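Down below are the structures I want you to see.
Each of the next two complexes has chain A plus one other chain: chain B in the first, chain C in the second.
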Partner chain A sequence: MDSVRKNKLAIFLFIFPAALLFTAIIILPIFMSSYYSLLKWDGINKGVFIGLKNYMDLFTSKSVGFPKTIGNALILAVLSVFIQLPISLGLALLLSKGVKGERFFVSVFFIPVLISTVVIGQLWMKIYNPDYGIVNVALRAMGLDHLAKPWLGNQKTALLSVFIPILWQYVGYHMLLMYAGIKSISPEFREAAKIDGATEWQIARHIIIPILKPVIKISVIFAVTGSLKAFDLIYVLTNGGPAHASEVPSTLMVSMIFDRNLYGLGSAIAIFIIFLCFFFAITIQKFFKAEVD
Partner chain B sequence: MKKKILSLLLCIMMAASLAVGCGAKQENTQTNETNTETSNSSTSNGSTEEITLTLWSIATESDAFHPAYTKAIADFEAANPGVKIVHETFENQSYKTKIKSAVAANELPDIFYTWGGGFSKPFVESGKVLPLDDYFGAYQDELPEAALTNVRFDGKLYGATYTTPLSAVFYNKKIFEENGLQVPTNWDEFIAVCKTLKEKGITPIGISAKDTWVIAMTHDNLVLKSAGPEKVAAALTKSGQTYNDPDFIAASAKLRELIDLGVYPEGAAGLSNDEASAMFYNGDVAMFITGSWMAGSLQTDPENPEDFDVFQFPAVGGNGKATDFMGGATDSFMVNASTPHKDIAAKAAFELAKSISKYAYLDGAGIAAWKIDYDDSSVNPITKKIANFASEATSFTIWYDTLMEAEDAGEYLALLQELYMGNISPEEFAEAMANQLEQ
Partner chain C sequence: MENSLTAKLKSTITYTILIIWALINLFPLYWMFTFSLKDNREIFGENVIGLPRNWLWSNYTAALTTGNMGLYFINSIIVTGLTIVFTTVFALMASYALNRLIWKGRDLVNSIFMLGLTVPIHAAILPIFIILRNLKMTNSYQALIVPYTAFALAMAILICSGFIQNIPKELEESACIDGAGVFGIFFRIILPLMKPALSTIAIFTFLQAWNELMFAVIFISDSKFRTLSVGIQTLSGSYTTDWGPIGAALVIATFPTMIAYSFMSKKIQQSLMAGAIKG
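Take a look at the complex of A and B:
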């Protein structure tokens, strides 16, 4: 095996196909987008080179309103890390202990990840409907009529109403990651701790979670970058409205490119999303490394 | 040593399989090319071979125009043996994205549906749309020039239109009768009707502020009927008229007046157009301001179609008249400049437009853009009434989001939503629009 690893030709031959695909599908488009982001271009006719004006517009133009979308994406990231992941971790800990019907529950929590997002969007649209939606119907049935509101049509509630299904959908995904991680921890640790008289809480806190750290790190990175890229459910539920209340960078990008023919500005947003994702992925890596040291 | 040989062998095998893979692919494309070549040559040298034209449109099966399309295509195929039209339909909103990327990627079908005005301007500028002047001669007596203003660019004709939609106020006759209301003829009466309905606990007007073009249907009318058509056209096409003008501000203030009166259903900002129109069909709201296409749906969607009627949007003051109408022909067929069958595709575009104009009018789906030389006594009364409005109209102004270029139109719709939600005042709205248009 070592001889293969030392053979430069072999290394090249094995890596080449994947590297070629990766470059063509991911690296090249990034470079092309960064070039487009320097143009004033409608996507059809010839573009005009305008330097960094698109990037300046992102932060100065009131009609684009980009800073607010970054704010919204960060709110989603914070909610993901501090609400969604703890729930996933709790479920994973609970299920991995060997509850009755363990496999059944794992599948149930994972189902939302498997269902098409558009279907989930339609489902939640019905849940939030001001007239017959289950949320308002339940509130009215409890005599809380004053709390019933058009959830997706109200600027104050739209953002949170859109985030709840997003958080809900991916709880199962992170749970599965963590569940698999916990299952791979040797049961001897748990037994040893039990013999020493540790409670369930102490086992989880001092043994399982520290060993699970690499998995948690991956989950945090996925949750944060996923929040920055969030698009589909928001597009279906509110399309960023009302009046940009639930706009995130990717919905803004689509509306700039396809509704306003501002291909250059849209590309600038895309580049910015990529930059933010890298930045956070690296920062989180560093943070976890510092923890270990 | 053995291991080394083995690994080398593996490498060679992999490289070989890659090469084989590529080779096979090349062969495939080659055979494909020869295939298309043969089919091309056979279509050009003989009429025995079938010509297939692809048509893209938004007339999905639930669309009011779908039956007219189907009949028109059948007629055309019957009249032109050997020509087959493949009709592919897409949902309105996603079609806008689809058609733009198809133009950019050179993947247009032979004939495609599109909207005239600012929307198609970049397509025409890219040179990928066929000018139709050479083919129009045979039809110029039947298709009036007024229906072609939005598909002419730099004096050249690029599209064949088939319907002249215009916007009007649809209302529930039954609700009006039950509450002793008359059709309003001016703005004050209109407001009075809204107030009475509100007092009786009926939501006066349905609207969707999520699908922003529905707010535009009302706002466009208010602007047109307070500023007048010349001023509007000058401001929106950047011809020496600022948007920051008392007439425009007054129009936006009228929209705020309606919102503050509470004429719209609560939560309209979260309702789609389909949900909002369903409320109107169910009799939950008394009026709905939208394009004449609703006349077609009113025949099928409500339980009692005879409960509904239509009146023209009243004049609001200033330079506007009630007979100045929002609307005009913009739905059109354009022909791909690189289609191998230019002549027959151009002919098909006009023939289909002509037949769809007729069938859609008879179905009540739309107002005919082509001359009516057939018996139209079976057309439903609402559509007929709108056709009368059209014949008495003093001017047509196309929807502002079609009239303006995409960039300005996007901003207009986004600002309208802000105005609707009360985030900006009418003055701020006019100022922001002026800034956008002067950029």
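Take a look at the complex of A and C:
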């Protein structure tokens, strides 16, 4: 058997296509991006090596406006963790109590996760439309004309208006993770607590949530790194505007590279996004580990 | 008495919350479907949220013909279909080599693949763009299929490995005693047992490729190769004042997913969770 398992030709043939693709499309590009981030380069002429200047520009140059995009991404991350995830957890707790139509609700809550972000973006663009959108139509119908505004075109409201659909879309995803987690807890825990006279709230607070910590950890990591990488809905709804009010790192990266031909600076943004994702993923892991100890 | 009253109140609150959230999730779909069948007069004032008075299927004709949605739909099917095929085949082969064949560097290669789970596409977008440009391959199906496959591989290998590890080694050993070689074992023993893994991978990869936007926007500028997500973007740019055909385009892009979901919601939910629980 071992000689069969050591068939060199088979090993090569089996691993080669995946390894080749993976190397060419993921590994090599990471090194290329890191190298580009050290260049002043417009993509046409030869790049000039300038060391870490792009990274310094990211944090010092006012015209690049990078710190603001990080701030926006962090606002999204905070909203995700403290608004989106609690909603998901609340829904998961309600559903797992055993309600009629449990399957139906779970399936409906998951629908937005499956729909393409472009479709969701287009729908919300119409919901926010200044003249005919449902938000303003409803406000006017209630006699609140003064509150009706061009939600996506107003510098003050654009950021939050873009974030609402992003938060809404993935409530169902986190809900499903937590719901599955709760369902896997043995019902005996719950029964025993009930006999001891614990209320629903106490059971959730002291029994379910502590057992659910590993799932919550994954949700927090996904929510935070997802916020740092957010692109699709913002690109569709505002593309970072008006006047960079809703700009996030990804939209800034794409516009630096593909609209303004600043290949080096754009690559520095890409590398920084990856760094932040790893940094937060590890920090959150550590935080939850400390919690357990 | 009081107890049953509070219990009743509690369950009313529970259902109210669940129903409100369900409506929030279903309303955009309902609204999209109804306005795809209305004209502007209805959408913009006379009948904003009601059912359409005259079912204007001509919006769909407009989206499919002048809006090119028919072509974009076919492009999305080609790109997504081939991505699923390549991802599945390569992942099956690689995970067999990574789990059952014996070779030096196996663990290292495996952990490199698993690192791929965490790499965002941002890292690669410019280098891939430059590679494609140098090969004169932007504006082609492979400009999307190749990167989509590469980025779907890590998850697909993870899912496959989970299934392969559960296949008892004795099956392979007895086939070996009967004189089967490594290829015989792979095709006759392993592959038939991997069917449940295939649907999980297919669902995961389908959603990723069908809905992807960033690569599609940047690598494709020629309308001949546009996928649905980019096509809708351009359509909404050219039909800013006529919402009906845009609604129709949105429905066209969404219905394959929704139909599949209505038949196998549980399987689809489990496939998408596979990523989180193991990753």
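Convention: the second predicted complex is superposed on the first by the 263 of 293 C-alpha atoms of A that agree within 3 Å, B and C clash if a C-alpha of one lies under 4 Å from a C-alpha of the other, contacts with A are read in each partner's own complex, and residues count from 1 in each chain.
What we mean here is this: contacts are C-beta pairs under 8 Å (C-beta built on N, C-alpha and C of every residue); 3 or more make two chains touch, one makes a residue touch a chain.
All figures in this text were calculated on a predicted structure; none of them were measured in a lab.
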{"item": "Which superposed partner A:W41 touches (first chain B, second chain C, both, neither)", "value": "neither"}
{"item": "Contacts of A:F280 with chain B and chain C, given as first, second, both or neither", "value": "neither"}
{"item": "Which superposed partner A:F66 touches (first chain B, second chain C, both, neither)", "value": "neither"}
{"item": "Contacts of A:S116 with chain B and chain C, given as first, second, both or neither", "value": "second"}
{"item": "First, second, both or neither for A:F163, with chain B first and chain C second", "value": "neither"}
{"item": "Chain A residues touched - chain C or chain B, whichever exceeds", "value": "C"}
{"item": "First (chain B), second (chain C), both or neither touched by A:N7", "value": "both"}
{"item": "Touched partner set for A:I134, first chain B, second chain C, both or neither", "value": "second"}
{"item": "Partner chain(s) touched by A:N154 [first = chain B, second = chain C, both, neither]", "value": "first"}
{"item": "Contacts of A:A18 with chain B and chain C, given as first, second, both or neither", "value": "second"}
{"item": "Common interface positions of chain A, toward chain B and toward chain C", "value": "1, 4, 7, 10, 13-14, 17, 43, 258"}
{"item": "Sites on chain B touched by chain A in the complex", "value": "3-4, 7-8, 11, 14-15, 18, 96-97, 100-101, 103-104, 122-123, 125-126, 209-210, 266-271, 405-407, 409-411, 413-415, 417-418, 420-421, 423, 432, 436"}
{"item": "Residue ranges of chain A touching chain C (in the complex, touch as defined)", "value": "1-2, 4-8, 10-11, 13-15, 17-19, 21-22, 24-30, 32-33, 36, 43, 90-91, 94-95, 97, 99, 104-120, 122-127, 131-132, 134, 137, 168, 172-173, 176-177, 180, 200, 218, 222, 225, 229, 231-232, 235-236, 250, 253-254, 257-258, 263, 266-267, 270-271, 273-274, 277-278, 281"}
{"item": "Parts of chain A lying in touch with chain B, wherever the complex brings them together", "value": "1, 3-4, 7, 9-10, 13-14, 17, 42-45, 62-63, 128, 130, 149-155, 158, 238-239, 241-244, 255-256, 258-262"}
{"item": "Chain C residues within the chain A interface of the complex", "value": "10-11, 14-15, 17-18, 21-22, 24-26, 28-29, 31-32, 35, 43-45, 48-49, 89-91, 93-94, 96-98, 100-103, 109, 112-113, 116, 118-120, 122-128, 130-131, 146-147, 149-151, 153-154, 157, 172-173, 176, 181-183, 185-186, 207, 210-211, 213-214, 217-218, 228-229, 232-233, 236, 243, 246, 250, 253-254, 257-258, 261, 265, 268-269, 272-273, 276-277, 279"}
